[in-house]
Amino acid sequence: MRPSLHRPTFAAHAVLAAAGIVAALWHIWKVAPLEIDQIGSSYLIFFFHFPSAVGSLEFFFLAALCGAWNLWKRGRVSDAASASAVEVGLLAAVVTLVTGSTWAKAAWGHWWVWDDPRLLSVAIMTITYLGYHLLRSLVDEPEKRARFCSVFSIVALVSVGFVHYAIKLLGKVSHPMKPFQDPSITQTRIVAWLAFLVLYLLLFRIRFAQARAALAIEDLRQRAEDLR
Amino acid sequence: MRGFLAILRRDLALEARRRESLLSMGVFAAATLFVFRFAFDLHKVESVTVSPAVLWVTALFAATIGLSRSFAVESAGEVMAGLLLAPVDRTAIYLAKVLSTFAVVAVVEAAAFLGLFLLFDPPEVWDPLALLGIAWLATAGFLGAGILFAAMTRHARSGGGTLLQILLLPLSIPLFIGGVQTSERLIRGLPLGDAAKWVPMLAAFGAIYLALGSVLFERVVEE
Amino acid sequence: MSAVVEARGLVRRLGGREVLRGVDLVVEEGTCCGILGPNGAGKTTLLRVLATLLVPHGGRLSLFGRSDRAGLGAARARMGAVLHGTCLVGALSLEANLLFYARLYGVAAARGRVEGLLDRMGLRDRRRDPVSTLSRGLLQRADLSRALLHDPALLLLDEPFTGLDAGAAARVEEILLERRRGGTAIVLVAHDVEKVLRLSDRVAVLDRGRIGFEGPPAEAREGAAALAGSGRG
């Protein structure tokens, strides 16, 4: 299957992503309340923060699945998928951290809040997966690299779970959750989540296609060299 | 089982003869303790406040050194291939490596406790055995993941020692948290009380990473 | 005579490049199969696949009649291999190394067996020396001893004669012939064309990942000469 960014499904996907963002923005503007108690209008950042947080987890989970598949079936495509998923997951995690930090500054006056277990977990998760990147760039042999990264994608996911659990066990103060039960907020949250999911999936598809194209180019180069 | 014992025996014999790992870990632990001792002004800061953190940083960092050396024998020639050619379960190789590394790390950690006693002057009522027990429990899980990573990072460019540390650090945070929480009580001679909830977490950490390692090691160590 | 090694269509890739492109090989018990070919042909890769060190990306490998994972794992107990580098730990003595491998393979009466082999290979007086002090030639013999410890039914050898003087090489040849008479199947990869032709019952010539020729040594002589003549030998 030739990886190509010109196939009609990409255009359709891009249109869908744009529509999703528009729908999310409309909801934020029209449906969700303008401000909530104690936090004010700054809470609106939540609708960018939450989908990215969930998105990062979704893609790290996808990366682990692709990694497991790669360990079982061996092959370069599942490895490329896993790596692409990690990249998108990292992007989402960074967005989470930036929006979370911005929110913290706007709502509570600090750029960083040590008492927030979720933000802490995401920060550690980001460092964990930056390690994935480092591992990937420091192992030269492609087959070993694929295997090691696949193993790491699985172990990293488990470690994220443990880190989150341990921080929660510490009993730190969490995000305030009560005002978020409001149904209009919930509806907006779900729309935002879907919109970002579609957007992140589009980014994933682009990245994945790029990775597969790079593999195809490398193959052609090898073949040309062999013929010499 | 036979392979497991043979490899364990060989690794321990090598260590007993050269003591390279033991010495590098021991010196590192001593140096770390000294640095921390001078970094804190114990007139201004209570010893029992900083001791738990100092202890855990020293212990786990020293363990990382042990891990970076865990496959030193196999890095020369085709020694690893020699193991893989034999009718030995890859899981047996993994467990033998975990246990042989643990043996040395456990000794260094016990020595670190002695160092802590000398340098940080813990209260008389402190419970060193319980502290050491929890340290060993956490170390088991740490090595479970660490041996898996060490087998990977040995193939990385520039030795992979730094990479190993970078990969292990975020993973070991639950160990630091659980370790310090329990140590804070034990070093004051208090019963664990609420902090007892960390012990099952440390045990689960160990169980899960050892299980993961047992399964995944085969794919990491093959050529 | 049953086939000890049966390889069909072995494929092995390195990155995007195919190092082995569909290799067929059959080795019967009590025979020696020599593998020749220019550098980069894939000889070492092929040997490592046969040794179950590398998993083929395509094709099927059968050892002692079994091609499933468990079967190949079990085959390791009956297989001995000598590779490019040494499998012995430099810091340990020769004797300690061999005892380790004897235990690893579950060899009965390990000490006696190790001592016997050391005698046979002429290594007895170096047995307590650390392996790192052994010369290349002695190291080769030591590795061969290791490979023979468990009395394997299949021997895989990658350049076993490299670094050996005439006397040592002759001794190794003698041992290989003896094992072959005893029913051991041997796969021999070497550069020394004459030795391979002399020792083998069948010869396979590997070129760029494919078996270009397979047959008795006499015919191989012409094939090898042709390859050498074309400038790629």
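Worth a mention:
Order as written gives the chain letters A, B and C; numbering starts at 1 within each chain.
Going forward, a residue touches a chain if its C-beta (ideal position, glycine included) is under 8 Å from a C-beta of that chain, and two chains touch if they have at least 3 such contacts.
This is a predicted model, so every value here is computed, not measured.
Taken chain by chain, the contacts link every pair, so each chain touches all the others.
With centres taken as mean CA coordinates, the chain nearest to the overall protein centre is B.
Per-chain CA centroids place subunit A at a distance of 49 Å from subunit C.
Subunit B and subunit C have Cα centroids lying 39 Å from one another. If each chain is reduced to the centroid of its CA atoms, subunit A and subunit B end up 32 Å from each other. In subunit C, the residues that reach two or more other chains under the touch definition are 55. Multi-chain contact residues, meaning those touching two or more other chains, occur in subunit B at positions 222. Among all residues of subunit A, those that touch two or more other chains are 141.
Interface of subunit A with subunit C (complex): residues 74, 76, 141-143, 215, 218-219, 222, 226.
Against subunit C, the residues of subunit B that register as touching in their complex are 2-3, 5-7, 9-10, 13-14, 17-18, 73, 76-79, 81-88, 222-223. Residues of subunit B touching subunit A in their complex: 145, 148, 152-153, 155-158, 160, 163, 166-167, 169-171, 173-174, 177-178, 181, 197-198, 201, 205, 208-209, 212, 216, 219-220, 222. Across the interface of their complex, subunit B is touched by residues 48, 51-55, 73-74, 76-77, 79-81, 83-92, 96, 100-101, 103-106, 146 of subunit C.
Interface residues of subunit C facing subunit A in the complex, by the touch rule stated above, are 13-17, 55, 57, 208.
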